[in-house]
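Labels run A, B and C following the written order; every chain starts at residue 1.
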Amino acid sequence: MSASWTQKRDRFGGLGVYTVIYLAFIYGPVLVLPIFSFNDSIYVAFPLKGFTFQWYEDMINNPGMLAALMNSLKVGGTVAVLSTILGTLAAKAVTRYRMPGRGPVVGFIMLPLVIPEIIMGIALLVMASTGGIPLSLLTIGVGHMLLCVPFAMVIMISRLEGFDKSLEEAGLDLGETPWCVFWRVTFPLVLPGLVASLMLTFTISFDEFILAFFLAGTDVTLPVFIWSQLRFPQKLPGVLALGATILTVTFIMITFAEWFRQRGDQLRKVS
Amino acid sequence: MAERAEVSAARLEAPRLGLVDRIRAAAMRHEPIRGYALLSPTMVWMLVALAVPLAILVTLSFWTQNYLDFDRTFSFNNYIVYFEKPIYLKLLIKSVKISGAVTLATVLLAYPAAYFIAFKVKKNKLMWLILITVPFWTSYLLRVFAWKVVLGFNGVINSGLITLGVIDAPLEFILYNPTAVVITLAHAWAAFAILPIYVSLEKIDRSLLEAAADLGEGPIMSFLRVTLPLSMPGIIASSLLVFIPTTGDYVTPNLVGGPTGIMIGNIVASLFGKANNWPLGAATAVMSMFFITLVVCAFLWFTKQVRERVA
Amino acid sequence: MSDEHIISIQGVSKEFAGVKAVNDVDLGIRRGEFFSLLGPSGCGKTTLLRMLAGFESPTRGEIFIDEQAMSAIPPHQRPVNMVFQSYAIFPHLDVRGNIAFGMRKSGLSKSEVNARVEEMLEMIKLPGYASRGATQLSGGERQRVALARALIKEPKVLLLDEPLGALDKKLREQMQLELRALQKRVGITFVFVTHDQEEALTMSDRVAVMSKGRVLQVEGPMGLYERPTTRFVADFIGTMNFFGGTVREAANGTASIDAGPLGQVRAATQDEAFTVGAEIVVAIRPEKLRLTFEAPGPAVNVAEGRMGPAAYLGDRSHLYVHLTGRDEPVAVAMQNEGRSAVGIDQTDQPVWLSWADDAIVLLPDE
C-alpha cells in the first residue's frame, strides 16, 4: 500500500488536464504569430483574411532585416564560442581544484543572472562612453558575453561533475601531458555539454534585446531591428514571417541538440 | 609509540632544484594556485565587464548632467531629486508590485505542471520538458508582441467574445494596463520558473514519500509536510530568476502597459535616452538595484523563517 | 646504494586544510615486491598512493622513485602507472583504445602497438575483446582492462587503489590469486592499497599498516599477524583478546606477568626488555587458546571460566568464555574436527583456557 497514491492515480487526472491547459497558455500566443504571417492583410488583427506568402517574400527582400540577421548571427556565434571557453575554464577550475573561496568566486561569476539586464546595459553604456569606445557590434557582444558566461559555466560544471575525475588522472598517469589529456579525454567527454552551452549561449545572444538596445551603434542586431519595426504597422507582417521562420529553425536545432545530449548521457552512464 | 617504519639504508640527498623546477614543484604543491590560474581569464573578464562598469555607474550617479557634458564634482543632487520627486519611488514600488505579482503567478502556474512531469509522467519526461520550453526559444520581443495581438482591440479575445456574442463592441480595458503587463510577463518567464521547480521535485527521494504514507500521512499532508518543503529550493530559485529580471524589464510595459503600466525600467531608459540625464538615470538604477537587493534579502529571510518554523 | 628500494618515502606529510592526512611517513619499498598499504578508511593510505602517482604533492618531505626525487615531476612524467578504484575506463574508447592509450609516444608503429595490445589481452585472459566498447564490459573485465592499460606501459611501479573493492566476493578471491600470480610473472613492483586485512595478508610480500596518517608497522604477513608491535595493529589484523598486566619477573627470554583475570602468565620474550613493575598489555589470539572441560595439568598459563555464547561456523566455532573479574568475554576459536562441535549448547559450564608460552604477545601500554 506504500506509495500507491503517488503512482496509481490516473495519469491524466486533474494534474494532467491542468498541464495540458498550461501548455495551451504557453503555446497559444506564440502560435498567433505564424498564423498572421500567412494572413493576407497588413493589420495584425482578427478576423483573418486570405492566405499569402507575400510577407515571406517581403522578408527576403528586406535588406535591413537581412543585415540585422547577419549581425545577430555574427555576434551570437562569437559570443557563444568565447563565453563557452570562459565558462569551461571557470567550470574546470572550480570542479577540479580544491580552492579556498570557491563559493564567492562562483557567486561573483553568476552575478549577471540576478542583475536586471537594463542595469548591466546602462553600466556598460556608461563605461563605453567614458572610455570613448564607440558603440558597435563589439559592445553588444561584450554585454551578451556578460550574460552568457554564467550559463556556460553552469552547464559545464554539471557536465564536469558528471564524470569521474579519475578519468583525467588516468590520462595523465598514462603519460599524456595535461594539454593532450584535455583533447583526448576531457574534450570528447564534455562535448555534449559544450554543444549544449554553445547552443544556449547563441540563443541567448540571438534573442537578447535590452543590452543590445543600449549598446548598439549603427549596426543593429535582429531584436533591435524588430523593435524598430514594431512601430510601423505595415512592416509587421514581414517581422512575423521572420519570427515564424526563426521558431521553425530553433525547433529543428533544439531537436538536434536533444538528440546530441541523449547520446552524451548514454556515454556518461558508463563513466 | 609508533615504531619508525623501516627506512632505506642510505638516505637519499634531497635534490637541488633549478628555478623552473622550483616553480613547478610549488605549483604542484599548491592546488589553489593552479585553480586560480585556470580561473583567471574568466575572473579578469568579469571584473572588466561587470565590476568596473558597475563602479563607474555608481560614480556617475554622484555627478551632474551639464547639457552635453558631466559636472564631475561629487554631489548628492541626483539622490535628492530621486527622493523629492515622488514619481521615482512610486514607479519603483509599482515595479516591485508588478514583478511580485508576476513571480507569484508564474510560480503558482508552473508548480502543478512541474509536479505533474516530475511525479506523474513515467516515460518521456524530457519530451514534456521540451514541449514546455520550445516556445521560449522564439524571440522575446515577438512573444510579448503576440500578447498585444491577443489582448488588443481587434485581438483574439475581443474577436472571440464578439463571435460568441458575449459582447457587442471590443473591450478596451484588457490591454494597456498593469494586468496586461502581469499576464504577458507571467507567460514570457514561465520556462524560468518551471525548470528549477522541476529539478528540485525530481531530486526528492521517492522513498521519503513512501515513508510519509507509511507513517499514516494522507496525500495532502504528505505533500505539505514532505514534498513542498523539499521543493522550496526550486521555488526560491524560480522566484529570484523571475523577479529580478522582470523588475528591470521595459519591453513589456512599453508594448502592452500603456500609460498606467509603465515601470522603473522605462524611466531609466528614457533618462538615458530622450530625457538625456545620465547621472540621474544612474542614480535611479543604483537605487533600483539597492531596493531589489533589499526585497530579495527580505524574501530569503522570510522563506528561511517559514522553513525553520515548519521544521 | 639503496638498490633494494625502488621507492623511498622520506619524512612525507600531507595536509588538507590544516588536517594531516599523512603524517611524517618514512617508508622504503623494495624492488619487485608486492607491497600493501593497509588501514581503515581515512588513514591516509590512498593519499600516500596518490602522492606516489603525483596527483597530490607532499606538504613536507620527499619521495624518490628509483633514486629520482619526484617533487618537480608531474604525473605524466613519472615512471609509475595506476589502477584506479573506479578503474577509470575511458567510456568513449573501445578496449583497444583504452589499453593503447598510453602508447602514443612509445615510438612503436600502429601494428606493433596492436600486437602489444593483443599480448596484453592474452595476459588478462580477455582475448578477442579489442573492439568491445567500454560500456559493454562487466566489473571484472573493466578491472582487467585497467590493469592491462597500466602494465602495457611497463612501469617501474604499479599502483593499485583498492582495485578489487567493487567486485563480488568470489570474483575478488579469484582476482587476488590472479593479481599475485601476474605480479610474480611480470616482476614489477606493486603498491596495493586496501582496507581489507585478509586481502593484504593473502597477496603481499610486505604490508604497511597505517592509522591516522602514520605508518605503524611494516612487516610480512606472518610477522604482522604473529608479532604486532602496537595494540592498533594487533586489533586491526585478525581478532585479539587484550588484558592489562604488570611485569613480575623478566629474565632469560621469558617474562612472568600478573594479568588480572587471566592469572599468572608466562610469555616468551625475544629481544624486548621489560622492567619489573611495568604496566603492559597482554594479547592472545582466539585460535591460540585451548579450551577444556577439565583442569589441565600445570598451574601456569591456565585460566578458569564459564562458557558463554557460541557461534557455529561450520569448519570452526567461535566460543566466548567469561572470566571472573572481566566484563568482556574472551574469544576462543576452535576447529571442528569431529562431527559434533565442542562448546555449542554448553552455556555456563565451567571451562579452562590454556595456552603456550609463545602464544602470548606483549604490547606496550598506550
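Operating definition for what follows: a contact is a pair of C-beta atoms (placed from the backbone, for glycine too) under 8 Å apart; a residue touches a chain by one contact, two chains touch by 3 or more.
Just so it is clear, the structure is predicted and the values come from calculations on it, not from any experiment.
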Quick one: do these chains touch in a line, a ring, a star, all-to-all (complete), or other? complete
Please work out which of B-C and A-B is bridged by more C-beta pairs in contact, and write that pair. A-B
What whole-number Å value describes the gap between the mean CA coordinates of subunit B and subunit C? 55
When centres are defined as mean Cα positions, the distance from subunit A to subunit B in whole Å is 16
Give the residues of subunit C touching no fewer than two other chains, as numbers and ranges. 54, 74
Touching two or more other chains in subunit A are residues 98
Touching subunit B in the complex: which residues of subunit C? 1-2, 4-5, 8, 10, 25-28, 54, 57-59, 62, 64, 67, 69, 71-72, 74, 208, 214-218, 229-230, 364, 366
What does subunit B use to touch subunit A in their complex? 31-32, 34-36, 38-39, 41-43, 45-46, 49-50, 52-54, 56-57, 60, 109-110, 112-113, 115-117, 119-122, 126, 128, 130-135, 137-143, 145-147, 149-150, 152-156, 158-159, 187, 190, 206, 209-210, 213-214, 219, 240-241, 244-245, 247-251, 255, 265, 268-269, 272, 278, 281-282, 285, 288-289, 292, 296
Where on subunit C is subunit A touching in the complex? 16-17, 53-55, 74-77, 80-82, 84-86, 88-92, 101-102, 104-105, 134-135, 149-150, 153
Report the residues of subunit A in contact with subunit B in the complex, numbered from low to high. 1-3, 5-6, 9, 11, 13, 15-16, 18-19, 22-23, 25-30, 32-33, 36, 43-47, 86-87, 89-90, 92-94, 96-100, 105, 108-109, 111-120, 122-127, 130, 142, 145-146, 149, 153, 203, 207, 209-210, 214, 222-223, 226-227, 230, 239-240, 243, 246-247, 250-251, 254, 258, 262
Okay, in this complex, where on subunit B does subunit C touch? 1-12, 14-15, 17, 21-22, 24-25, 28-29
